[in-house]
Amino acid sequence: MIHPTAQIGQDVTIKEGVIIGDKVIIEDNVYIDYGCIIRENVHIKKGSFIGARCILGEYLMDFYKDRTNKLHPLIIGENSLIRTENIIYGDTIIGDNFQSGHKVTIRENTKIGHNVRIGTLSDIQGHCKIGDFVSIHSNVHIGQKSNINDYVWIFPYVVLTNDPTPPSGKLVGVTVDSFAIIATGSIIMPGIHINEDALIGAGAIVTKDVPKETVVVGNPSKEICSVRKIRNRITGEPVYPWRYTFKRGMPWEESDYETWFNNLSLQEGD
Amino acid sequence: MIHPTAQIGQDVTIKEGVIIGDKVIIEDNVYIDYGCIIRENVHIKKGSFIGARCILGEYLMDFYKDRTNKLHPLIIGENSLIRTENIIYGDTIIGDNFQSGHKVTIRENTKIGHNVRIGTLSDIQGHCKIGDFVSIHSNVHIGQKSNINDYVWIFPYVVLTNDPTPPSGKLVGVTVDSFAIIATGSIIMPGIHINEDALIGAGAIVTKDVPKETVVVGNPSKEICSVRKIRNRITGEPVYPWRYTFKRGMPWEESDYETWFNNLSLQEGD
Amino acid sequence: MIHPTAQIGQDVTIKEGVIIGDKVIIEDNVYIDYGCIIRENVHIKKGSFIGARCILGEYLMDFYKDRTNKLHPLIIGENSLIRTENIIYGDTIIGDNFQSGHKVTIRENTKIGHNVRIGTLSDIQGHCKIGDFVSIHSNVHIGQKSNINDYVWIFPYVVLTNDPTPPSGKLVGVTVDSFAIIATGSIIMPGIHINEDALIGAGAIVTKDVPKETVVVGNPSKEICSVRKIRNRITGEPVYPWRYTFKRGMPWEESDYETWFNNLSLQEGD
């Protein structure tokens, strides 16, 4: 069932049981697997893959009042790979080269940059911003009003919260600065600011802002050292700031961070 | 595919790919979105919305023995809003004005009151009781034998456990009294009793009963103060007991708790 | 839609909307519920039940390069009970009598023994090994390179991690020896070895190897006692090692562990 107003590009594959709604735009070379529901005003850019049974352009709360859809566009960037059964609401923009695991939920008013990865079962609650090259692993919960800058890593079962004294309705989001890492199962309290290159150890309950390049662990979390003290368990070498030791999937993959960064500055100086 | 014994009311919307089984009752003005599977003996009361690909009346263990369905009715109250891909078993009763997020699982022998909300990915393990006006956020796990009273708030990634020394098969459920709040990621040990208006801080591992109006935090959790000491981070005002400071979605929304409560007592006194 | 090369046995039930791909083998007495997608080279052994909308033989990363499926077989053992909406990748072997909850994900290069149970929402990340008679409860995350031996119990929201200093790409898996128990919400740090009959208390952040028959709790976890000191809260009797006090679903269900074990040794001695 493809709505007559939908625009479908060239070399588009649409498998059985797909529903495509009013004013949907599907660019060239997109693949839509079995049973996807693409509601209305969804724009999928070229080369993207939409896994089986995704629901794109999911209804916001205003749908349920009179059961008619209002205008809430969703844009999905080029060459995205969205695995099965993702639910992505309207009023959301996702950049190019997005990759997601299975059963991810992304609610309304989410702005996601380029080259972002979000793992299986993660739940992005909307009204939040995620920068470029952010990697969010499985089963992460990003509360409303969160602000995640570029090159942040978030590991399984982390929660970014927002209501300091619930239920209050007075939400203050978490801010995570570039290059910071939040390890498995940490809970970040409402309004906390995690500064650049900080490392939140697994299982930390973070009740205070975390300074730049600082490691915190524990419940409640305490500062234990500079990230520069942490060594790779196998090689014995320093690991952090990680941009000098890790490249896979990063824009400096072909050279190294410094070379890439210096070229970037040169280009910007042009 | 609508079974001939199913009773369908007036102004019911049934989208493509829906399966409706034997002796299902669908009251007036219900909306059933794409691809729902409504097995047998399910009763959906008037005005409810069932999101895409929900499975209602899911099989209990006895189905798998001989692959025939036994009698396990499911009742869903009026004006409920069940989002996509919920799985709700038979032998369960849900009250009016229920709201759920996506991909919620509710197993057999669950009794849910009126005006309850359950967030995305939450997993209600059955054989438990949830009162009226309870708000359960995303990805909460409610173990069997839990008993949650009215007006309780439970935040993301909380687990209510039940086997003190697993594996033992000797389950003792958690009891949560009215107006208590369990913040993000807390684990409540088997058999624990959380008393009225208590506040379990985020990340607490609760190994002892929590007295009325008491705040506990930490691993293992310790009492730190009375809830009356906690202040709103933005306004500086006291927050708890929250029924005096929060109204949205509550029966006292139009006035305030005291006025509402006094009227209630008057009516009951009639 | 059944591919002409698929081999379907006797007494097989295939409900509406099922897709069965190239070279799939379905043995006798299998039941495939509504809307399952069985991609290619999947072999389902006799007597198994596949719940509604499961995806079996899910694509690995190499599919997305040129959108053609490569050879990645999946084998599902006899008499398995896979509940709705599981996603199981190719290059995986699952033993007999497997049981899973809803919405479980199992990725490539997972080897699962016989009589294993995995609960709702659990996420097995692949490149790992799970022995016989392992019970994994809801919403557990098993990282790559994990090695779980026979008769292990893992409770809700546990995470087995693998990258000690992320992001590093140098993964070291967790090893869990036979009869160990990991209680709710514990996080096991990369490379940790949990020895036989150890008990990890709920909410423990395990940063050091755990000796045989030892209980650890806390963040970071500390040894508190021998498992032999722990008593059942209701009966007051010792509980651990649990194989002497618990039988349900175990091979010694009809007698007791010692009798069964002695018979086993006799048989092996034959």
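To keep things simple, chains are lettered A, B and C as they appear, and every chain counts its residues starting from 1.
Simple rule for what comes next: a contact is a pair of C-beta atoms (placed from the backbone, for glycine too) under 8 Å apart; a residue touches a chain by one contact, two chains touch by 3 or more.
If you're wondering where the values come from, they're calculated on a predicted model, not measured in any experiment.
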Given that chain A and chain B are copies of one sequence and touch, is their interface built from the same residue numbers on both sides (over half shared) or different ones?
different
Give me the C-alpha superposition rotation for chain B onto chain C, in degrees, nearest 5.
120
Approximate Å spacing (C-alpha centroids) for the pair chain A, chain B
28
Can you pull out the residues of chain C that are in contact with at least two other chains?
17, 35, 53, 85, 103, 121, 139, 157, 185, 219
Chain B residues touching chain A in their complex are 13, 16-17, 31, 34-35, 49, 52-53, 81, 84-85, 101-103, 120-121, 135, 138-139, 153, 155-157, 181, 183-185, 202-203, 217-219, 230-235, 239-240, 242, 245-246, 248
Residue numbers on chain B that touch chain C, as the complex places them
1, 17, 19, 35, 37, 53, 55, 58, 64, 67, 85, 87, 103, 105, 121, 123, 125, 139, 141, 157, 159, 161, 164-170, 172, 185, 187, 189-191, 205, 219-220
